[in-house]
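Have a look at the structure below, then the notes.
As written, the chains take the letters A, B, C and D, and residue 1 is the first residue of each chain.
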Amino acid sequence: MSNRIHEQYDLEDELHEECGVFGMYDFDGGDVASTIYYGLFALQHRGQESCGIAVSETDGPKGRVSSFKGMGLVNEVFTPETLEGMKGDIGVGHVRYSTAGSSTRENAQPLVLNYVKGTLALAHNGNLINALQLRHELEYTGAIFQTTIDSEVIAYHIARERLNTKSVEDAVIRAMKKIQGAYSLIVMSPRKLIGARDPHGFKPLCIGKRDNSYIITSESCALETVDAEFVRDVLPGEVVTITPDGIFSDTSMCKPKEKEARCIFEYIYFARPDSHIDGVSVYHSRILAGKYLAMDSPVEADLVVGVPESGNAAALGYSLQSGIPYGTAFVKNGYVGRTFIKPKQSNRESSVRVKLNVLAEAVKGKRVIMIDDSIVRGTTSDRIVGMLKEAGATEVHVRVSSPPFLYPCYFGTDIPSREQLIAYNRSVDDIKKVIGADSLAYLEINRLGEMVEQLPHCTGCFTGKYPMDPPTIDIRGEYQK
Amino acid sequence: MSNRIHEQYDLEDELHEECGVFGMYDFDGGDVASTIYYGLFALQHRGQESCGIAVSETDGPKGRVSSFKGMGLVNEVFTPETLEGMKGDIGVGHVRYSTAGSSTRENAQPLVLNYVKGTLALAHNGNLINALQLRHELEYTGAIFQTTIDSEVIAYHIARERLNTKSVEDAVIRAMKKIQGAYSLIVMSPRKLIGARDPHGFKPLCIGKRDNSYIITSESCALETVDAEFVRDVLPGEVVTITPDGIFSDTSMCKPKEKEARCIFEYIYFARPDSHIDGVSVYHSRILAGKYLAMDSPVEADLVVGVPESGNAAALGYSLQSGIPYGTAFVKNGYVGRTFIKPKQSNRESSVRVKLNVLAEAVKGKRVIMIDDSIVRGTTSDRIVGMLKEAGATEVHVRVSSPPFLYPCYFGTDIPSREQLIAYNRSVDDIKKVIGADSLAYLEINRLGEMVEQLPHCTGCFTGKYPMDPPTIDIRGEYQK
Amino acid sequence: MSNRIHEQYDLEDELHEECGVFGMYDFDGGDVASTIYYGLFALQHRGQESCGIAVSETDGPKGRVSSFKGMGLVNEVFTPETLEGMKGDIGVGHVRYSTAGSSTRENAQPLVLNYVKGTLALAHNGNLINALQLRHELEYTGAIFQTTIDSEVIAYHIARERLNTKSVEDAVIRAMKKIQGAYSLIVMSPRKLIGARDPHGFKPLCIGKRDNSYIITSESCALETVDAEFVRDVLPGEVVTITPDGIFSDTSMCKPKEKEARCIFEYIYFARPDSHIDGVSVYHSRILAGKYLAMDSPVEADLVVGVPESGNAAALGYSLQSGIPYGTAFVKNGYVGRTFIKPKQSNRESSVRVKLNVLAEAVKGKRVIMIDDSIVRGTTSDRIVGMLKEAGATEVHVRVSSPPFLYPCYFGTDIPSREQLIAYNRSVDDIKKVIGADSLAYLEINRLGEMVEQLPHCTGCFTGKYPMDPPTIDIRGEYQK
Amino acid sequence: MSNRIHEQYDLEDELHEECGVFGMYDFDGGDVASTIYYGLFALQHRGQESCGIAVSETDGPKGRVSSFKGMGLVNEVFTPETLEGMKGDIGVGHVRYSTAGSSTRENAQPLVLNYVKGTLALAHNGNLINALQLRHELEYTGAIFQTTIDSEVIAYHIARERLNTKSVEDAVIRAMKKIQGAYSLIVMSPRKLIGARDPHGFKPLCIGKRDNSYIITSESCALETVDAEFVRDVLPGEVVTITPDGIFSDTSMCKPKEKEARCIFEYIYFARPDSHIDGVSVYHSRILAGKYLAMDSPVEADLVVGVPESGNAAALGYSLQSGIPYGTAFVKNGYVGRTFIKPKQSNRESSVRVKLNVLAEAVKGKRVIMIDDSIVRGTTSDRIVGMLKEAGATEVHVRVSSPPFLYPCYFGTDIPSREQLIAYNRSVDDIKKVIGADSLAYLEINRLGEMVEQLPHCTGCFTGKYPMDPPTIDIRGEYQK
């Protein structure tokens, strides 16, 4: 039994989100572990490498936390016995895909620790840009680190600030003055549940309610899954503290709205389409992306298809705008799991074909517009276009519902090094040839704002202009084994 | 560690196929286990309870078979080490969902056995209707049974007939004279690979080729997955014998074409849409089903949606025919696995909602036509219609791409007892009320033939008229624990 | 997860017993699985490769058997949940080390099967010498075999004889007329527990009682472990049938006493010293062996030590007889388990030293008599004598509490091929030199009878004279993969 | 799969050691993980709950440590693949039985961490008496704790001291000024292996050599197991630093010899008899204990027996001194493993009898002297004496090779609370009656010094006089969940 993941179980050429968080506090004292389980299950798309839950009894001894973490999917890690053994009316859960920190069980979250005021559990989505520098600073005061995740850096700052503050939420706020980058954070102290979102609002975070329970989580789809109502989004820079005495909001770290910098890829690809983030429907923004592609890059064709799953909504938008019929061109094998054995180079089977097959019946003799949400290295696009043609498509026009990637992301999206990006040093026409398409167009960068009702967002990976200065030392270095 | 599956990981109210088979013979002597693995992976939708592979070296000692079976998905049961340890240029694999025989590791297939002529491995899809009677007859001659699967009965007959025949394929043919019911069968003897399909052709079986290898498998999608060419379907009643000396066909058991009785549910729901069965595209037949529903049961609406995944193609057909826009109304959580913990009655979470969420954005304020492939007990339909309405759909019109279930299946489809069927003793109008739809229509029974280019098919579950007399004793009895 | 055992966890140069059996019938209807578990635990020394339990409810449906088998030790295979799930007042268990049939889960026992009269479970210790011939005969009547164990051959014969007999015990008796070799057998039919011992009595079998329950098992130590009383041994050739109506004995297959041929290695090495077999204490017979060695092969020395564990009792006997003090010279590491990683050739660590260390303090400057129960290949003896000398022993005199092995065993003891036996083609003096001892003596063959109160026993492995003709074809052939 | 150990696999009424450590540095650059594995295997008796290994390449990047930890025995946790994946010429391993800190995977050692100077791995045997106080002090400077083991407290102090010292060994020395209690410690820094033993020398630690490798480990038996030479013991208070430039010793923390306070139970029970600790043979000291018992508490009898395994050496000593023959009275079932299912109260089987059976043959009609190493609660002794009498012993005289337990241990031995100790508030005569013995005597306390060649040792658990003041707050409190 290994504690490493050997295989990714998606199409190879996709981006990866790093985490999803789900915290809950039941003022009626009911056990929350089971609901957190279903909440994490709804967030599974945000991270499939490891997951964990930590719960505590607010009327129990202060330091008593039950936690369980493991490598793999939520449904692989937790058994009915494990869940039943986790007693507590306050808790926090996490699913993880690692961009920083290696994928080992040690790095799974939530991080549970003892500090001067008892116990703390942290679950965190995002990437700090000054984590390495903060680590070094802490080490120079004698700190020791047992993981390679940013959460440990955040925890240290909260613990230290707590010495001089009158409440844990104040410690969180003071810690936020030090840490820089993207973070949506849930902190569970013995009797408080705290949600904090970085001032740029890179990553989503929202509040829900069910009967006498409150929930803080990454995406609103998780609220619907557990039959809770959406209350509101946590504001960029806001710290929300949930206690039986009420919900308290601190907005002292909030920035002017124009400084906000949501990750646009949440809308394009990461988030589930049934989520709303900061008031904008993810699904609707994808439909719009497809419509804009149809307006800006029209082409004559017989059929519009999406690369499943995330290309489907944009394909529908393209179809609605253009009047060209929408269709299904691919069958995706949904049984690829963590332990799936990838075909070797020497096998006749190919990884892409094993996971995705073309519906020849649907595309034969047709001019096909294929919508994908992004092209990273281009390796998968190349295969898929080829498969469509083998299946009899007479033309394949590729439309991409995002602009070309040209720059690294420092805030939590796992973009390969520049040299591996297909758009690096290549014109759109060159890329078209590489992937074998008859035409190719990307979403224009000025459409991004329209897609999300002009919410301020980050376009760093397209433009190289980031909402804050990227780190001068390589944050993928020493600690990011 | 349990050897039983506790949870089904699909929507509760679906039918289950029982098996998929994949056999391969590489005349160049290459190892086939790895390709069988990917082939089974492509057939995973046909059975998720257990799986297994058996291989043999045709130039090795006659009785040397390597086999490995286990409970769970193909990617859970096999490790790279297991596959690499399986040396052999001839082999057969199986995925299983149990309708007859309990779901234990003992009952996993292929069945591997020694008999008078050496070794035999069998993989079998279907259900015999005289299995119990044949078991009793065999027992009265001193036979012992170590499993509760039909394959053991078939194996016994082949072994006995082999005493008086000059080849194993002749023994298979003589055994076929005794066994009655549905079966698509692959038999691996030390140096021959044999495929046999029952004379009614209930279950699919086809032949493929890759370089100097031949493949026999349940569905053509498995051929595409391993980059093999489709050669042809095995005929109902045909026995195909693959040897290095050539491929031999025996059609002595074939019936006149009008006696054939394909399972229509392969087209409606079981098979993968990218498969062709007996010359008919599964995808195309589903599109047609949708079109017929649009012709026969039109309704004014703003949107046509499918219940994923199998309702989507029919929804597309309905949209194409009616001109009403096609859309996506549901997000299905693809991470439900074998060990997923079902919500208890006492949980606020519901099993349906955890697996399927409505895209409120897509349906709000709209009149929705929802296409499902079948309604069995109606429990899921009820929930889904309710969820659409909660999400703001003003009307929900349900169209079902198959006729109502009214009778049991004796040939391998796991239909609940009559009393549990929603259509039993209820008019369509009654059912409409039960599931809360604004209108409801089923595919008309005479459309089934049109759907499949008039291929003869079985309609027993709709009409109670079966292609052969059902058993008088309960075949779900004693042995089907 | 492998289904093969990669490592043996004992000193390499030991013989292996093949099986232990434990059956129980509680006339008060209590569950027996848990007691069978502890019984098997007491018999674990008889087989460590796989184990299993099958139970049935005598007042339940006739064909309902719960069984669980797995590779590994009793405490590895069974969990509290597994045991609790096994409901039944009659049951049988088995521990296995394979001499015939490969070590796979398929070959684990008890064998559970359906036959003309319902269900049968079999557990069997021993080796048939005509198994292969019987298999072939059965195959020529159309039988199929799914395992490579003798038990399946026995089961077939019982099933066939049952067609013409009025009871299952009669079928067992008639089957015994066909099968030849060593067997102690427990058969569980729906409402009877049957014990049978081959007419030569190679393997032990005895009866116990606890309250209103009866037990049949391999060794009396298992009775003491579960707090049951020893009732009596099953006679060689006897069939004992336990039913609520009484215990019935059939002795029609018994031979004259002088034909009996107990395996003498049960006394020398296999059985636990706290067992009595056929009225003779295993411990006492080992003490006697040591005494005879002292009488027949005396030597001046300072210390007598045993090679643990089985050499200790003979060492004590030697000490008592000779007056030379008994001591402990070795520390055995008891934590070697099934998954222990053997040192490679390239490692500095040696397999023997990792498992056994010399107590230098005890032997330094002393003349040591080292008693071992047997020398097979001599590889371990060589190492151990060397270790004693390195630790400072001035002389090492080896005494072996059995005669030299010269011939194969056909009745269930796993003796290597003749060429590998150190005594083959070597004089005692040669062997002495090979293992580096200062003197060497074996137990004289005429002492064996004295050791066991003149009970008739088999000396085939020493003399080549067997109680029945050995098979002319190699029984380690085709089926014994 | 649980991450807790449910069952102890020894006789219930034994004491538990808490840990064993094994570090190795190969100056020739060879991989050490495999040798550490066998070293830990030899130390398995010191801790069976969890184990781990961490290794590093001294010529690799400074922060690169491979580590693997898990619950269970060494042979259960490590696979050949795991070991082969661990590349490094310097490493440290640990086996653990928890007295402080809960038995979870999080608390398994070695502890691996990053600090200001790179990476550190710690393995530690012993118990600090000021750990809780130090934790609190650290927390008041902002420290966070992720485990409940003392090693984390030690690590923090080393990390903080390192800020003001020029080498890691100096930091270890300065940390030793703060921590109080029992510790034998191995620290692996990127290019140094450091061993430190507390100034009282409670726990053993010694140095070995093999070719161009150095080893630091708990017991000399581990050196023999891996074919290394014993070099010398680490002195109480000494810090030994192993580098390619030489071995450096710092003795600045050593106390005058009379302040040393070795744990006497290492000699009586914990250590393996083939180990030497501080120049004294463990085996020899046990022989002596038996001799003293024979001198001080003689009794007429026919047989002296030991309670296996640890009572055997003292029984031999008693026999040698008294002239009463030594014998074996018990058969211990060596197959009890971590997952063994303990008999419930409602079972007829008893935990003691399942693990230990009496050799009736050996004791029948005899007056038996039974030597045990200690009596804690007395529950097992009671059962064993009873079993001897049932088996026919006419008298049972119990001799204990240690004085009665009366006080808690604060230094790492898991002694139950006072009320549970059989000797608490009872005279020896009372205890004799409770356990049903015919006579009872303990080793006299003044014999302890003679047993160990007058090495200074701790007698706190017998006398309540400790080598340092016990903690005033309960160290089993808050953190020792």
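The rule we apply is simple: a contact is a pair of C-beta atoms (placed from the backbone, for glycine too) under 8 Å apart; a residue touches a chain by one contact, two chains touch by 3 or more.
Keep in mind that this is a model prediction, so the values were computed, not measured.
A.B. asks: Please give the intersection of the contact partners of subunit A with those of subunit B.
C.D. replies: Where subunit A and subunit B might share a partner, there is none at all.
A.B. asks: Treat touching chains as neighbours and tell me the shortest step distance from subunit B to subunit D.
C.D. replies: Contact-graph shortest path, subunit B to subunit D, evaluates to 2.
A.B. asks: Distance between subunit C and subunit D based on Cα centroids, please, to the nearest Å.
C.D. replies: Those two chain centres are 36 Å apart.
A.B. asks: Report the inter-chain centroid distance for subunit A and subunit D in whole angstrom, where each centroid is the mean of the CA atoms.
C.D. replies: 47
A.B. asks: Measure off the straight-line distance from the CA centroid of subunit A to the CA centroid of subunit C, and report it in whole Å.
C.D. replies: Centre-to-centre distance between subunit A and subunit C: 59 Å.
A.B. asks: Using the touch rule from the top of the page, what residues of subunit D touch 2 or more other chains?
C.D. replies: Correct list: 79.
A.B. asks: Does the chain-touch network form a line, ring, star, complete graph or other?
C.D. replies: Shape = ring; chains linked end to end, path closes on itself.
A.B. asks: Check the chains against each other and report every pair that touches.
C.D. replies: Touching chain pairs, listed by label, come out as A-B, A-D, B-C, C-D.
A.B. asks: Using the touch rule from the top, collect the residues of subunit D that touch subunit A in their complex.
C.D. replies: Answer in residue numbers: 1-3, 61, 63-64, 68, 79, 81-82, 105, 111-116, 120, 135-136, 139-146, 148, 152, 155-156, 159-160, 162-163, 478-479, 481.
A.B. asks: Across the complex, what residues on subunit D touch subunit C?
C.D. replies: 34-35, 37-38, 41-42, 44-45, 48, 73-76, 78-80, 83, 210, 221, 224-227, 272-274, 276, 281, 283-284, 309, 312-313, 316, 319-320, 325-328, 331, 333-341, 343, 347-350, 353-354, 357-362
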